[in-house]
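You will see chain A twice below: alongside chain B first, and alongside chain C after that.
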Partner chain A sequence: MSEGDIIPPLSDTEQNEDFDDEVDEEELITAQKVLEIVETAWKNELCAPEILQHQTDMLELMLGQVAHMEENMKDLDKNDFRFIVHQMELERIRYVMASYLRCRLQKIETYTRHILNEEETREVAEKRLSPEEFKYAQEFAENVEQYFQQVALQYMPNMQRAEAEQRIVRPNLMSHVFIKANVDVPSVVVGVDDEEVDLTAGSQHIIPYQLVSDLIYKNQAQLI
Partner chain B sequence: MEPCIIEFIGEKSIIGIVPNFSFEPLHLISGSVGPFRAGLPVHVPLWLGIHLRKQQKCRIVPPEWMEIELLEEIKEAEKKSKFFTKMPSEHYMVEAQLIMSTAPDDVPKCEELRTIIKDIFDIREAKLRTSIDAFIKGEGTYAKLDNLTLLEMHTVRPILPHSLDHIARYQRTAMATQRDTSTLGLSNSMNTSHFSQ
Partner chain C sequence: MAKSNKMFADKAFELVKELERSSQTIPPFDDDGVRQVLEEIKAIFEENCAQAANYSTSGDRTLWPLLNFRHAALQRNKRCLLTYLYKRLLRIKALRWEFGPIIPADIKTSLCEPEVNFFNTYSKSLASYMRSIGDGQGIDLTGDLRPPKSLYIEVRCLEDYGKFELEDGEVIYLKKNSQHYLPRAQVETLVRQGILQHIA
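== the complex of A and B ==
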């Protein structure tokens, strides 16, 4: 029941430098690896003040793997040792994925306008939201706007109506976060006065998010 | 992050168990475990070990570091060192808590161990508070936190990052005010250093 642990070749994984040195299995990625990526994305998302790059590819692979596992488990007795253990693991994986998506939705609902404005300026390959999330954000923004209009704004004098700009909620990108370096990163700027520090692999730091956001993006460090 | 999430993450640590049943290897998504042979120790994730122990299907082998003498040494080292020493396990509190509450009978001298682990945790907490105090007074924006475990970090979250955010905000406002006043040609006596006292 385990032969499905290897997932067929992927197209969009070049972001992950780890795979570059696997010559034979360049195109293959194990379910275990996918799970690791999803879990890292989950932890990063929980700790980051802004919304991060979406991981739709990885989530879909993981969902496929979960479905595959459930298919295999269908014929097992509910009290079978294997069934119970696999079931427990699937529950843990589902929790991670649900928590990840929920966290993103919360950010979308809080910073709707801000995120939508940012998305407009991004290239297709750099979009932070998945198409579904984008649709959700747009509808959410419209509904909120309409609601404000109906219950309050239409009764207000003209002066106060057109201040949509002021109602935009933005994340504080300079908020402090805990990070752990995955690899050695030389001369990272760590203060407003351009102070620089070399991060060694495995070291931990507290630092304003904006100064290290590119390290997170490049997977050189992760939020903890 | 909530404490339950930290426990969830800690539950992925690997521990040893001695099963009292035999079973072929299980190929979990997160990696294979087993084969299980009655009476022979095997490594499993903590969450699985705890589950099996609750079902009376195994005995837990306490991690190597759960040992009075070793912990006494760690405690002494922790007291002497100015910095945080490296803990034997990244999730030592979570592991100790889960193992000792589920299977106190599997851990020799459980109560003593519990006390000493708590002592180590308290020493580290005290150290963390002192260093945070110094850090905030030094008006830093960046600090190195090597060897601090996730749970320990959590004890100062969100208060530490939040206070730093606030301090940073005051500093930015102070700088902006200073710029404004100097462009208006007012005296520079409205210096920010007055605020820092």
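== the complex of A and C ==
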């Protein structure tokens, strides 16, 4: 994807005016950087067995950016070559965002109970789901439970009902993933016998997810 | 199946297999099958209760393996039944993504009432989630299902649809067997509904 030329009709100063309610750090971020972050988040999410940290802020910035670009493009000549290129780029960005959110929903629907239980133990800043996703997950869990009750569970003998615990679906965190190190990471513990490996920047590995999940979280490595 | 070969939980397992094998969008809800499984569960449970009572009064240890066996049969029945229901839910969810918030009439006849309720709640919840993304801007996640390859696609019209207005205000007339070159994003829904066919 040619991120370089996605947002020429817009300078950084204009962008800052749009988002001056964001914190300082984010005001300085360029549209291209936002796109990079969203794309990385998308790739990580697609490859990771569990649900990752939500990226609502970045996504909102990106959405704002897309709306802005659409606005700017209204003035362009439809037959201009640049118009077609920009339009295509917009379609791609929209696909990435939709695909990213869809992927998260899919995980939420599959591991609903597990994710909700985990969220309860997390601090506010550590929450993996955005408030909207959390609401969705709760509604979904309730909906499925109600359906099971209506169709089957209510007709079963007493003892069989209180076993919702057994029905929790959990992701397999030890499934293998491909990763690429973004920076040098010394002595990563791999395997049960405390074997250690140094990852060099740019190197690629195949490894059980759980052993490197914190590297993904700290953005020292990404899933590919 | 000969009666002598019948085992506990056969019927429940049958439900799951039937569903797995069917190539329909969603096969009719097997009301009868589900009821039979529930009856079997109940019967086993009652038998077990009776014997458990017997066991605690007489202390007859020979009953113990039988109790355990029945309990396992109960668990299996329950598990198969819930699997059947859950697998159906997955297909029902897929309906929402494929056809939008309204179930086509011919499919609706295959669903039982709680399933229709589930679909409606699911649909509502998904819609309100999609509206709430990005501080109320909203994204339609059911669009953009495939990575975009080109802005315009060539489509053939499979049925008389009538007038269709594009975003820029241009009105085209979709007639059966006519071919058009249209913006992908705007006609994606029609393609999924089977009104247009993507060619080339």
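Assume the second predicted complex is superposed on the first by the 197 of 224 C-alpha atoms of A that agree within 3 Å, B and C clash if a C-alpha of one lies under 4 Å from a C-alpha of the other, contacts with A are read in each partner's own complex, and residues count from 1 in each chain.
We adopt the following convention: a residue touches a chain if its C-beta (ideal position, glycine included) is under 8 Å from a C-beta of that chain, and two chains touch if they have at least 3 such contacts.
This structure is a prediction, so every number in the text was calculated from the model and none was measured.
Trainee: Superposed on chain A, are chain B and chain C clashing or fitting side by side?
Mentor: fit
Trainee: Applying the touch criterion given at the start, work out whether A:109 contacts chain B, chain C, both or neither, answering first, second, both or neither.
Mentor: The second partner, chain C, only.
Trainee: I'd like to know which partner A:147 touches here: chain B for first, chain C for second, both or neither.
Mentor: Second partner only.
Trainee: Under the stated touch criterion, which partner chain does A:88 make contact with: chain B (first), chain C (second), both, or neither?
Mentor: Touch partners of A:88: chain B and chain C.
Trainee: Which partner does A:208 contact after superposing on A: first (chain B), second (chain C), both, neither?
Mentor: first
Trainee: Tell me the contact category for A:132 with respect to chain B and chain C: first, second, both or neither.
Mentor: Only chain C; A:132 stays clear of chain B.
Trainee: Take the Cα centre of chain A as the vertex and report the angle out to the centres of chain B and chain C, nearest 10 degrees.
Mentor: Between the chain B and chain C centres, as viewed from chain A, the angle is 90 degrees.
Trainee: Per the contact definition in the header, classify A:60: touching chain B only (first), chain C only (second), both, or neither.
Mentor: second
Trainee: Of the partners chain B and chain C, which touch A:173 in the superposed model: first, second, both, neither?
Mentor: neither
Trainee: After the two structures are laid over each other on chain A, how near do the C-alpha atoms of chain B and chain C get, in Å?
Mentor: Across the overlay, chain B reaches chain C at a minimum of 7 Å between C-alpha atoms.
Trainee: Could you tell me which stretches of chain A are touched by chain B in one complex and by chain C in the other?
Mentor: 84, 88, 92, 95, 99
Trainee: So in the complex, the part of chain A that touches chain B is made up of which residues?
Mentor: By the definition above, chain A touches chain B via 1-2, 5, 31-32, 35, 43, 46-47, 65-66, 69, 81-82, 84-86, 88-90, 92-93, 95, 99, 172, 174-178, 190-192, 195, 197, 203-208, 224.
Trainee: What does chain B use to touch chain A in their complex?
Mentor: The touching residues are 1, 5, 8-9, 21, 23, 26-32, 47-48, 51, 140-148, 150, 153, 157, 160-161, 164-165, 168.
Trainee: Could you pull out which chain C residues touch chain A in their complex?
Mentor: Interface residues on chain C, with respect to chain A: 34, 38, 41-42, 45-46, 74, 78, 81-82, 85-86, 89, 93, 112, 114-115, 117-118, 121-122, 125-126, 129, 132-135, 137, 139-141, 143-148, 150-151, 184-185.
Trainee: Along chain A, where are the residues that touch chain C in the complex?
Mentor: That would be residues 59-60, 63-64, 67, 84, 87-88, 91-92, 94-95, 97-99, 101-102, 105, 109, 132-133, 135-136, 139-140, 143-144, 146-148, 150-152, 155-157, 159-160, 167 of chain A.
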